[in-house]
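Notes for the one structure printed next.
Should a chain be cited, it is by its letter among A, B, C and D, assigned in written order, with residues numbered from 1 in that chain.
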Amino acid sequence: MTIPGSWYLVVAALLFGLGTFGVLTRRNVIVMFMSVELMLNAVNLTFVTYARMLNDVGGQIAVFFVLVVAAAEVVVGLGIIVAIFRHRATVTVDDISSLKG
Amino acid sequence: MVVLGLVIGFPLLGFLVLLAFGKRMGDPGAGWFGTIAVASSFVAAIATWIVLLTKHGSNRTQVLHLFRWFQAGGLRVDVSFRADPLSIVMILFVTGVSAVIHLYSIGYMKRDARFHQFFIYLNLFVFSMLVLVTANNLPLTFLGWEGVGACSYWLISFWFERPTAASAGKKAFIINRIGDMGFLLGTFLVFFNLHSVSYSKVLPEAHQLSSGTAEAIALLFFLAAAGKSAQLPLFTWLLDAMEGPTPVSALIHAATMVTAGVYLMARLSPILALAHAASMTIAIIGVITAFVAAMAATSQTDIKKIVAFSTVSQLGYMMLGIGTGAYIAAIFLMVTHAFYKALIFLSSGSVIHSLDSEQSIRRMGALAKLMPITAWTMIIAWLSIAGVPPFSGFFSKGSVLEDAFGRNELLWVVGVVTALLTAYYMGRLVFVVFYGNARWQEVTHGHDPHESPRIMTIPLIVLAVAAATAGLLNLPYSGLRFLHNWLAPVFGSALVTYHLSSSEKILLPATDAVVALLGIFLAWRLWRRHSERKALEPAVLFKGWYIDTFYDRTFARGGTALAKFSDRVVDPTIVDGAVGGIAWLFRWVGGLGKRVQSGLVRSYLLIMVAGIVVLLAYVLLSAAR
Amino acid sequence: MTLLDWLIALPALGALVVPMMALPPENQRLIRYFGIAISLVELGIAIGMAVAFKLHTSSYQFVTKVHWIGAFGIDWYLGADGISLVLVLLTAVLFTIAMFAMKGVKDYRAYVGWMLLLEAACMGSFTALDLFLFFVFFELTLVPSYFLISDFGLGASGRAAIKFFVYTFAGSAFLLVGIVSLVFIHDHQTGHLTFSLPALMHTRLPKDTAILLFLAFAAAFAVKTPIFPFHTWSPDTYRSAPIPAVVILAGVMAKLGAYGLIRFNLELFPATSRELAWLMMTLGVAGILYGAIVAAGERDLGRMVAYSSLSHMGFIVLGIFAFSAEALSGSTLQMVNHGIYTAAIFLLLGMIYERRGTLDMKKLGGLQKKAPMFAAVFILVVMGMIGLPGLNGFVGEFLILIGTFITHRWWAVVAVLGVVLGAIYLLWAYQRVFHGELKDDRGFRDLAPREALLLLPLVALIVFLGVYPMPLLARINPTTSAIVHHVATAPALGSSTVSSIVTGGTK
Amino acid sequence: MIVASVISVPQLIVFIVSVVIIAIGGVGLLTARYPVHAALFLVMTLFGVAILFIEEGAEFLAAVQVVVYAGAVVVLFLFVIMLLGVDREEIASFAGDTVRVGLAGVGVVLILAELFVVATGAWATGAHSVAGKLSSGSNIGVLARSVFTTYLLPFELTAALLVIAVVGAVILSRRMGVETTTLDSSPIESGRREVEQ
């Protein structure tokens, strides 16, 4: 007998919570970015779990695409960070507020 | 009926060719070409007439169907033309007078910078006028109706550098448009009741209309006719229209276009015959217009204004004929009027031409010896319009007045007084312009005015002959009533015949003749040696009873003020302001939201998390239910 | 693929290709030629459609139906009936002319790209039979027009562009809500989720819902048309948009509103249309009179034409809600006519602006003396606008008025006043600009051959459609008769069905 | 333990170990003072998740997870950190901002609470086997079949997406350099100084 799906889901939830907390509290953009990766992983875990519970390949496919998109996102995101850093010499989010309305 | 197509086609062809090559043809080539186009049309018209003469009875109504113009729902409108005794009379005199005036224009417009354009418009006008008179349905008539209006607009403002000319053209078009509302609504009402707009169907079935509907239709079309034929209260444009070149005044504003209203009413006689109250209204308005305009004509100093008022007055007579059911008399008057009034205008034009565009009669005088042909033709025209036997006006005006007498004596009395005035003001014109002492030295800088070139005098002579003898068309003796016999089948039962006693039949024409001679005598007494008599030229008449001034003060200025107010105040502040208010409200709400937008990413994230919490909670709660 | 698919796909593909054409500045004109070529092919397709179009039938032709977003019942569903066909023709003609009219643009790539996208969106809007698809196209028209106005306009165009965008977008918001509600009501009734117009025509609606939905649809179209009092964006926009764009804005996109009223308000809510005809017709008549009065007080030629457009669109709205075949045919025909003469007049205004840098009537005058050809074309177009018989404005106006008179007499009687007012402000403006003496010493160049060629097709159409509008009417008439019949025979709105539908709605 | 009686012990042990790895990695990421440390903790977590993937029979995904994430993504992170020379201690990561941290904590706790409800409820009730059964063959085979048939178009699109991302990244880092040299040179100089430090 395998481990019940809900256990994995709980682990995924915890991982998601950790990621969220990280995004909300860290000031270094790069670390925030890593926290986002944590959240993505949590979601991936959920997908895989549900795929197993429902015996449906769709969940894994979704993870597959999430991985690809995440890779692309990291590339572009880091590119932006580099650009911002060159412009402002900081990676601390609270220094960047050009979104102010 | 191909030949009818030719009648309409020649001026159209002339218009198109002149439009394309007119500039290259130049002066006078373009003029000759235009004249030939219209003359060919006249020849074709004669041919059409001969074709009709060979037919009998109902075969005399021939329809030339070309193509379907437009169609929707139950409405079908064709481009189809109708040759019947009524329209052939119109065609003949329109093409005939037009050809003569075209010829005259070659001389009159000589050396004008836009010589060829003038003939473009003129040919287009003749085409539109022919469409108007030959159309076999109301919308197509309207096409001609508006077409002549547009040409009139272009030709009045032909010398557009003068602000007065530009304004006059616009005014003519707009006032005609007011009348056109009547035309449109009348057409709608006809279609609503008879489910067709074609004369072939409407005219035979007109008797199905209830009398109330017929009254409404008649009055609506009379509104249109009042606009086009310059009746009260819409006549003011015709005075301003004198800003146009004189041949235009002669052709459009005397002989042809202004009579379109009369023609329209005659065409719709079966409907008019059902509308007794409307007919009476038309007769009354007609006779009042005739009187009012004749009074005003006695005090004018501008030669063309005198003639213009005279035209209004004569059109009033025609409407009087229409209103009393004397359609043939009205048409007869229209034809003779076309001859003598065109002649008066052309003679005036000849005078104006030789005096370097001077139009005030105060600066004329003693021209009879210098311009004998002009003077003599003008005198013939004067005797015709005054109604001196045996000139044409005597017969045509006499027959209108006879029927007016049969209908209502009061109409006749006013008509006769107007006839007296007509003889008087035309006499005044002739005496002041051609006799008395010469007052034109200032204008001509010393040298004497001379007779116009032959190209202008030949048309004068042709028209003078016509004006003198047109009475032969319809002599009041049983065997000689050619026009009456020709037209009577068209009007049929719509035609009202009044039976006069034999003494009345002698007394009425005699009165006319006496009154005409009396008017001429008065003019001779009063104006033989004078060019100015303040007492006889009161300001109220000189200003045309202040009617135009009244319109200008109320409608024109009021309308302009309203328009400016709407543009400057209502639209930007009230209509747009309401929307602006909403925009302001949104901006205020947005200002509240702006405070949240600190620009710090983490604040946004926090808000986002709060959103996630709420959303998830909602999903859970709604699912738990 | 039918012709209709190509009609939309071709300019859309063109719009994709154009941004990639990174040409050196001296070869920028190639992009313009590319745009012209595409629009010419479009015109060819449109004409091909008109020739292949079967007369005497009111059904949709050239239908394509492909599942697009199956889960929501959204299809790529196109089809053209007579009304669509003539508007497609108009669109093709005006875009071709607008492409030719482009001149002296900073950035041809953006300009041509936006124009092609706009053409695709307009064509799509006129032929979409799926409500969602229609909405997508309808909204898609906004983006290119916004950029065309703001980036290439004259004067304070940025502000005008925003005003235009916000107004029309606000209207569209109602439309979206209306579409979605209608689809869901239909889904609840039949269990069939679809955005297809023919299916949704059979939705039963309770009275108040129907009225709300009708108003939601009408709001979007009223802004776009524009109908009084939702018109205040139009003078600013028409005044400051670049001329080729304003040809499209006034000539084609204004028709989207009127087209939407016919296609959606009349077909989806026939009974409600009957119920609310008085409102729409009153707004139409108010627009006719108000637009004319304001136009008479206007000093700027561009704004005057904008207000005259309000007046003329008032006639079209009047005809749509008169519910007679004559009036509806007249309205459809008048849409085409209005597109043609408005395009011509705006091209002419553009030429005046180019020569003098102003459209203020007080600063112009006496132009006819220097430029007789120009004046002749101008007066011809003006006469078309006034509705001179023999020119194109008349037939539509006449049909509208006679059709309205048959069913709603007194509205027609008031609307006829517009005929007089139209002559007043247009001739007054003509007099101020062209008559009199020249106001300043600068000359005024007459029409150049290029300009004359640009105007020639429009002038020819103005005359041709005035003399022989039957080719269009023959295609319009079956459709309009069917729609009028549909509206006339639709069961009246009853309040008794409210409860049944509401309970059905919350199942 | 009751649980032990139902679940096979080796699986349980693997599960617990990987959860512990994940937990250490996650908390470490949160609390690391230097970004480089954070990156290393991230690798740890990713490995933990990969193990869980294998546990759940998603072998292919586990491999991809290791190769793409641990191999590529984290290396990229490290590159950037080194390149920018920002591997410095974060100033007052938590201190001085207690309100914000408190709010974040409350938010996270609430999310967690809700997620637990979801995780423990009988929520796995979707439509079955829309894309095909998972158990119909080897994991890679099933995935491949699905990706190259049903999800072919999205698959192609991801390829395009990756290309776009690469191009975008190149442009982002290049264009900024061009601009700063022409316009305002002070930020880049200070930036260079930072790098040189």
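The working rule: contacts are C-beta pairs under 8 Å (C-beta built on N, C-alpha and C of every residue); 3 or more make two chains touch, one makes a residue touch a chain.
What you see is a predicted model; the values in this text were computed from it and never measured.
Using CA-based centroids throughout, the chain positioned farthest away from chain C is D. Each chain gets a centre from the mean of its Cα atoms; for chain A and chain C, those two points are 49 Å apart.
Chain centres here are Cα averages; for chain B and chain D they lie 89 Å apart.
Our note on geometry: chain A versus chain B, Cα centroid distance of 85 Å, whole angstroms. Our note on geometry: chain B versus chain C, Cα centroid distance of 37 Å, whole angstroms. Each of residues 602, 606, 609 in chain B touches at least two other chains.
Counting only residues that touch two or more partner chains, chain A has 20, 24.
Applying the touch definition to all chain combinations yields A-B, A-D, B-C, B-D. Residues 1-22, 24-28, 30-31, 33-35, 37-38, 41, 44-45, 48-58, 60-61, 63-65, 67-76, 78-83, 85-89, 91-92 of chain A are the ones that touch chain D when the two sit in their complex.
Those residues of chain B that touch chain A in the complex are listed here as 593-594, 596-602, 604-606, 609. Across the complex, chain B is touched by residues 166-167, 229, 231-232, 235, 290, 293-299, 324-326, 329-330, 366, 368-369, 372, 379, 383, 388-390, 394-395, 398-399, 401-403, 405-406, 409, 412-413, 416-417, 419-420, 423-425, 427-428, 431, 434-437, 467-470, 473, 476-477, 480-481, 484 of chain C. By the touch criterion stated above, chain D contacts chain B in their complex at residues 100, 103-104, 107-108, 110-111, 114-115, 117-118.
Interface residues of chain B facing chain C in the complex, by the touch rule stated above, are 67-75, 114, 117, 139, 142-143, 145-147, 150, 153-154, 157, 160-161, 163, 165-167, 170, 173-174, 177-178, 180-181, 184-185, 187-189, 191-192, 559-560, 562-568, 570-572, 575-576, 578-579, 583.
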